[in-house]
Amino acid sequence: MKKIDLNVDVHHLTRIEGHGNIKIAVENGKIKDARWDVVETPRFFEVMLKDKHYTSAGILAARICGICSISHCLASLLATEQAFGVTVPEDAKKIRMIAKHGEMLQSHVLHLLFLVAPDFFEEPSVIPLVERTPEVITIARRLKLFANRLCDAIAGRTTHPVSLQVGGVTAVPSQKELIGFRDELEQIINDLQKVAALFATLQMPDFVRETEFVSLKGEAEYPAMGGKIMTSDGIVRLDKEYKDVTNEYVDANNTSKWTKLSRESYAVGALARFNNNYSLLHPEAVKVAEMFGLKPVCHNPFMNNVAQLVESFHSAYEIMRLIDEVTAGRIKNTMAEFKPTAGEGVGIVEAPRGILFHHYKYDGNGRIEKANCVVPSTQNNANIHYDMKSLVEKFAVKGMTDEKLELLSSMLVRSYDPCLSCSVH
Amino acid sequence: MIFKTIVKEDLKKLFNVHLKDVECVGPKQVATSNDGKAVYQFLPFESFDEINLNHEKTEYSAKTYFLPFRETLSTFNFKNGDWDQEIKYRKQQRVLVGLHPCDINALVKLDKVFAKDLFPSPYYRSRRENTFVIGIDCDKPCTDGFCASVGADVVTHGFDLFLRDIGDKYFVKVGSDRGLNVLNKISPTDISPEERKSYRKKTKEFLAGFKNTIRVENLPNTLDIEFESPVWKKWGDKCLSCGSCAMVCPTCYCYGVSEQISMDFKKSEKVKQLYSCNLLDFAMVAGAHNFRPARETRLKYRYYHQHRGFVESFGEPKCVGCNRCGRACLANINPVDVISDLQMEL
Amino acid sequence: MNAILHAYEVTKEEDMVEPLDYNRRSRMKNFDKCFKAEITNIIRLTEMEKLFQLRMINEDDKNRFTFLPGQFVMLELPGYGEVPISISCSPSIKSIIELCIRKAGKVTEALHKAKRGAVVGIRGPFGTHFPMEKMKKNNVLLIAGGLGLAPLRAPMTYVIENRADFKDVHIFYGAKDPTQLLFDYQYEQWHRIDDINLQIIVEKPDELWTGPVGLITKLLDDIAIDPDKTYAIVCGPPVMFKFVCNRLKDMGVPMQRMFVSLERRMHCGMGKCCRCNIGSTYTCLDGPVFDYWSVMNLKEAI
Amino acid sequence: MEYLGIKPNKPKVAVFDFSGCEGCELQLVNKEDTLIDFLSAIDLRGWREASSVINDDYDIALIEGSITRDDEIKRLEKIRSHAKVLVALGSCACFGGVNQMKNVFDLKKANQEVYGDKPKETAKVKAVKDVVKVDLEIPGCPISKAEVESIIRHLAWGMPFSYPVYPVCVECKQRFTTCMFEKGLMCLGPITMAGCNAPCPAGGLGCWGCRGPAKDPNYESFFAIARERGFSTAEVNERLNFFGGFQEVNAK
């Protein structure tokens, strides 16, 4: 048998958000090293949030992540609203939800078509695809443009929203504008079908490592904001008990913390939501899952890509339903009356990359005394790390070139759609 | 002038039935201010119920429908080292309703500059001629306006129809043949002697109601003599140089032109953007030399243009006394205070 | 279109793009349309200034474009912008327009990079002119400082071409140092013209300089004029024309017989954008040529 | 396209990210209608977030994020040595952004609070210009893609780029926004540089000054106005300090 020596050293992996390194060393068929290290610089948001007035908490929190700023902002608002005991008007909730789904669509499309797709075409970036498959790029642009415009209209801006504020929303697009978006959705869903057709031709690596999946527990709807936490290993917890789920700890090689629950690590994100809440997906989204043979509980991390695609359909249909509901009557009140009080609140949002927690403790003057944020990618990092080990065990030790392994391990990390600056925050 | 009366309800019909497929713009409530007052803005509406003709005064003026904040003057299309120039005007019809006397008088002043002067502007004329203007008299003078002082409280022309609320009817002045045409859709009646009386009574009450005045007699000369007055520094020190006054003013029309190449480098647009003489680089020339580096000088020149320059060119002040600038100004710089300060200097 | 609004005459596009014609400017309908012109020659004058010779591409435009000394055009470089530039050549030559341009910023820098054959746009001419007719049968003083020679060149060539109509002609030109002198290749020719007093002075001479040294006002020391029969055109930066005009005033020349050309920021050339407005006066409509009396009455002019 | 005998050059561009949320980089792939034209106008030499191509030969370096660790200083210095034009992209790069708010805390304590007894390396937050020379700044949190496009076009045509000198209020007026102060809210618009198209006042948030000061702002008058309208000095200063663009400017 041939001697197997492998060496992969990826410094600052490309086409992901933030800075992380892959290190794999196999000597003589023995794994010396197989690591996923996050080296992003810490920014200390939890410390910066201290002493902040509730009016600026959401603005600051949004800056944790430029890609899912709407989710961070919403989680922050939910935490504050829970602390103050605010009941957000129904119309405002729906409008927030449209923004939430808009972000989900935008983020998933960005990941699938701009960051993942080049791997399958064996290109370094999306730019060569402009010439190779212009139709795909046209679709990608159209989808993203739609989602961005929708968020701009609803939240005032896609990146770092402005009109999502404690108590509700401060600006509402006109009925006419909303109906305009509704009319475009047919084309959007059509485009998503084409994306699905494209992904159906791509081969996802056949890799399975059993893990625990953590997400919000949907009650009547596929989960998005607020509610209980559940895991695929059968644990259910209240929002206040989130720390029992996350169990954050510090790893020496990572600026991102790691988390664990029933096993050495757990996963969050599209696949986790899918696995835990399959029955609540929109029927059209389920059809797409079936097309890919994706069924719960799936333990192949590469299938997270497919789960994102499934969710994109779900979000598109949800946007349609929500716009219909909002435009059916006259939008009444979108802002609750409230007074800041002393108290604690936990805001949980299913961000595109997974479950997100913001936990604030307020003094009586509307200022934060203590803040804690647990971010999706933080929770995924340990899982990626253990996946990496398992991936090397399964594939590499049987023989593979360095290049192939580098690509495969990079694709593994990318399939989680990690957001590292966010995970370190 | 032809005078008619219409039943109020018919006006609604005019919009909701006859003008259904034309773009209609009127005073719409957009917000509530801190002190509980409704804030109005001239904005497009679908149904007549969305607007309120009893509004006190819109926050911004209606000029933007004639002099938009941004307008493409021409497009240069490049090809093979050469180019051609393409010019387009806005020709779509629009109905503008709810303009007060100050607003209409402002349009008449803009007409002097943009439609009739040495170099008439086709961009303006095209918009003006394709806009159907329906004005309405104020029920009572607004709290802070001084239109009467600058002769802008009464309108005689510059509209297609002009209404006054005389109870259950509108008294209508018809200013153009197309105005009459439109009016005929909703069967107007000839005015009765009582209606004429009540129109005149209402108008008299309105004119008698003015409290807010400025003394404009000899103002152009005063401005000249007081060029170095410390009054300018007093107000200039407060000025934020934010241009808000000129943006909301119905008669401020200064602008800047810039060119923007498209991202594919295939064409370039020459874009006009309304500017303000209060903005820092208004009189800046090459080599960064600025003719008006001081806030007070820039502020002063706005008043000069309103109350001296325009008088010299057209025999009347440019200001129509709506005090929109005063309301928009966070530093509370307003013509009444500034001008009375100046007059006091004497 | 809504039929009931239709009764009113709607502006037709054709109305708006009627060709331009100078001298009937109130009948002109569109002043935003450019004449297309080709750069036929570029002459480097100094480090910072170049003379551009332009020729209208369209034959009709060429015939229609007439101007008077002192007027300016808006020079359009599609994609870069538009700048006001004085016409710097004789009004009698129909085939060519000369513009002397200093590299000062965005647009002018691009122009300095342009090559022969490039196509630019021209709008105008705009503004007032020097009253050449009135000046006839009088002495004329043509005085320029620095780039002021650019606007002065039009009246100057006019005077030269119509030499017989004028009495004494003095042309004074001053610059900081010899490297900044514009049109130096033409001095020889101008010197040879009979009965014109051409004097060139620099503030800081170099080794090769043999002419007079000092400020331009110094040249006035050596001439005797009959102030009642004298007109002056003074072009240059405000500090310069202020000194010269005051000096001429002391010599007895009436302020209304001295003419200067002002520079302001301009974005339209048509008295609309207000950028060149000085109080009540538009530099583009009432100027750029003003008599000195008016300038002194314009606040902030200098 | 060639015009005036001048050809636009295709600048070699590389994008780098330091400490930040990468929202500004995201903006670079937004504005989808001109995205392809934008990407064709540049020769992309490196952009970790979007491409696996990495090349050290570039003219323009777009730098996102602030500088908070020694290895970042070294990386930045190396980039500076390659780049002809170094552009600071976004408020973090231009003035430290929200990140600089951590500078008021004791870093040791902060570290302990987040990482317990296993502290991570960190340093006081710096803007890019505090470390290397910056040629152009595009402030904003996030940046406006339109401005980036405009800068790229100017660089491609060798034209100097100029920023609006006026404050946000002008853009507010141009989009019919009712003034925040009218509604009883605070807004830094009158002293902040325009160019963002005033999304924050339009969304009911008021301007937080993410683009830093306009040219020659009238601070005194602004502070007086804020005071008159019942906003405390602390409130005004908190806002001025939020994005770091108004360093050393404080209401008294």
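The first chain written gets the first letter, and so on, giving A, B, C and D; residue counts start at 1 in each chain.
Note that in this section contacts are C-beta pairs under 8 Å (C-beta built on N, C-alpha and C of every residue); 3 or more make two chains touch, one makes a residue touch a chain.
Not measured: the values here are computed from a predicted model.
Participant: Counting C-beta pairs in contact, does C-D beat A-D or the other way around?
Facilitator: Here the pair linked by more C-beta pairs in contact is A-D.
Participant: Whole-Å distance, subunit C centre to subunit D centre, using C-alpha means?
Facilitator: The computed centroid separation for subunit C versus subunit D comes out at 44 Å.
Participant: How many angstrom lie between the centres of subunit A and subunit D, each centre taken as the mean Cα position?
Facilitator: 25
Participant: How many angstrom lie between the CA centroids of subunit A and subunit C, rounded to a whole number?
Facilitator: 65
Participant: Let me have the rounded angstrom distance from the C-alpha centre of subunit A over to the C-alpha centre of subunit B, please.
Facilitator: Here subunit A and subunit B have centroids separated by 50 Å.
Participant: Could you tell me which residues belong to subunit B and also touch two or more other chains?
Facilitator: Expected reply: 78, 81, 83, 261.
Participant: For subunit A, jot down the residues that touch at least 2 other chains.
Facilitator: Correct list: empty.
Participant: Could you tell me which residues belong to subunit C and also touch two or more other chains?
Facilitator: Residue numbers touching two or more other chains: 78-80, 105, 117-118.
Participant: So which chains actually touch one another? I want all the pairs, not just one.
Facilitator: A-D, B-C, B-D, C-D
Participant: Would you mind writing out the residues of subunit D in touch with subunit C in their complex?
Facilitator: These residues of subunit D touch subunit C: 3-6, 157-160, 162.
Participant: In their shared complex, at which residues does subunit B touch subunit D?
Facilitator: Going by the criterion above, the answer is residues 30-34, 39, 41, 43, 59-60, 69-70, 78, 81, 83, 237-244, 247-248, 260-266, 274, 276, 279-281, 295, 328, 330-331.
Participant: For subunit D, which residues count as touching subunit B in their complex?
Facilitator: Checking each residue of subunit D against subunit B gives 1-5, 8, 34, 37-38, 40-41, 149-150, 153, 156-157, 165-167, 169-170, 172-174, 176, 178-179, 181-184, 189-191, 214-218, 220-222, 224-225.
Participant: Residue numbers of subunit D touching subunit A in their complex, please.
Facilitator: Against subunit A, the touching part of subunit D is residues 17-27, 29-30, 32-33, 35-36, 39-40, 44, 47-54, 68-69, 72, 97-99, 101-102, 105, 110-111, 113-116, 118, 120, 122, 141-142, 199-200, 202-205, 208, 238, 242.
Participant: So in the complex, the part of subunit B that touches subunit C is made up of which residues?
Facilitator: Those residues of subunit B that touch subunit C are 18-19, 21-22, 73-74, 76, 78, 81-83, 85, 87, 89, 91, 93, 95, 113-114, 117-123, 125-126, 129-130, 132, 176-178, 181-182, 185, 227, 253-259, 261, 268, 270, 275, 277, 282-287, 291-292, 297, 301, 304-305, 308-313.
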